[in-house]
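Dropping a structure here in structure tokens format, bear with me for questions.
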Amino acid sequence: MMEYSNKSTYRIYYEDTDAAGVVYHANYFKFMERGRTDWLRSLKIEQSNLKNEHQVIFVVTASEIFYRRPAKFDDEVTVTTNLTRMRGASIHFDQEISVSKVLVCSASNIVACVDMTSYLPKRIPAKIRKIFEHG
Amino acid sequence: MMEYSNKSTYRIYYEDTDAAGVVYHANYFKFMERGRTDWLRSLKIEQSNLKNEHQVIFVVTASEIFYRRPAKFDDEVTVTTNLTRMRGASIHFDQEISVSKVLVCSASNIVACVDMTSYLPKRIPAKIRKIFEHG
Amino acid sequence: MMEYSNKSTYRIYYEDTDAAGVVYHANYFKFMERGRTDWLRSLKIEQSNLKNEHQVIFVVTASEIFYRRPAKFDDEVTVTTNLTRMRGASIHFDQEISVSKVLVCSASNIVACVDMTSYLPKRIPAKIRKIFEHG
Amino acid sequence: MMEYSNKSTYRIYYEDTDAAGVVYHANYFKFMERGRTDWLRSLKIEQSNLKNEHQVIFVVTASEIFYRRPAKFDDEVTVTTNLTRMRGASIHFDQEISVSKVLVCSASNIVACVDMTSYLPKRIPAKIRKIFEHG
């Protein structure tokens, strides 16, 4: 089983909160996507390059999330991104968001590699696959 | 098994889309929350009343979602909200989003009744429970 | 001086609010864009057609806004959109947002017609201009 | 004339863009608010403290913005925040957003000090005013 991990931190601003005084639930998915984007960036994979050279983009196809306790304005959240499985045209991530080591939410996100115009599944390009496998 | 259903429609605006040209994945959770809010409104349950009279709010505690095909700018999405189970302090919803009867995504969302200040689980007020049971 | 007017109403959901308990200030610009989009739709102008037939899109180039009093969760906001001036490659809108006839904010928004790839200003297509002039 | 300046940088993620392929116009206001929040933080002013000790919050009351050229996915934007004037109950900011020193937009934002419950204007607390004046 492969595993490749990344940690990034982001600040919570007013824009992320709602009238309940805490982070709006859907926004945790934004933070997880920032985490995956910064993980790609840490591997020197540019998404513009995925488009121009390989005509593919990555899109989320399924997610499961458990909300534990809310993050609040001014908190600094840490997003952990673990690649736990790679298939022909998809990648499985386990992701967690925490504040000062206290778990905020944990999720699994499946991301598919699709053709950038037809949106049909497409094999992850070999070059990219190699980077994912060896970090 | 109880089941209470509601359908609402919403327009997709530029704000909902991203640079991939389609609705940003996290935003489908916004539409599902609009669906649950409008379902409560259709039952004449006011969330301000839940706070003032019962000191509770409803918060999402877990979700599972499968994305089928993207919605686009100018689309009109239909959100179907089905209450499929009610427990002491939580409610289970099955929700679907579609465009012209074509499925965009399907999800299960668990919503808990919590004390509005402590955020601890609290039994759904009897009055509210009755409305949920009889529509 | 030409003037063409449109009114649309939108509901405030949790997603629109922030931890101060009211609508997040930047989100009023979303509601004004919904207003302009629905104004175009009321004139039977499709933005996909603007792209495909005329290779143009409309983009905001300048705004001025005065916030009077906040809108809150569950409010129904009315967005008034008035076209107050049309130039060769731009349109001026006066827009207001109100709740139960009480003014929430008033703004001027200048929208330019630009080439969809170069983003350079482009004369508003004659066909579209005619519709703007005669409603 | 007083002037106190701050620069912060933020990454553009998918969530910030729209189907036109660039940053959604209203989102620049989010980045400017992040800039003002980080400016307050750099002065060691905590907004929770403003609430608890002084019962005030700062809210935007007027803005003027000129959009010059769009920022795109993956860009790193620099937000410059200049306090240009302080009145009894309000502060004027000049703010600019740029990418690699190329101007994206420039704006003036007026922020008022208001009572956190009544939302009525309230004199900026002397202690806070002193920090603003001396940086």
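When the chains are written out, they are named A, B, C and D in that same order, and each has its own residue count from 1.
Simple rule for what comes next: a contact is a pair of C-beta atoms (placed from the backbone, for glycine too) under 8 Å apart; a residue touches a chain by one contact, two chains touch by 3 or more.
This structure is a prediction, so every number in the text was calculated from the model and none was measured.
Comparing the contact residues of chain B and chain C by number shows a mostly shared set, over half of all numbers used being common to the two copies.
Farthest from chain A, judged by the mean position of CA atoms in each chain, is C. Distance from the chain A centre to the chain B centre is 24 Å, each centre being the mean of its Cα atoms.
Note: centroid distance chain B to chain C, computed from Cα atoms, is 28 Å. Chain B and chain D have CA centres that are 33 Å apart. Listed for chain C are residues 14-15, 20, 26, 30, 33, 73, each touching two or more other chains. The part of chain B that touches chain C in the complex is made up of residues 11, 13-15, 30, 33-34, 37-38, 46-48, 73-74. Within the complex formed with chain A, the residues of chain C that make contact are 14-15, 17-22, 24, 26, 72-73.
Against chain C, in their complex, chain D makes its touches with residues 20, 25-27, 29-30, 33, 57, 59-67, 69-70, 119.
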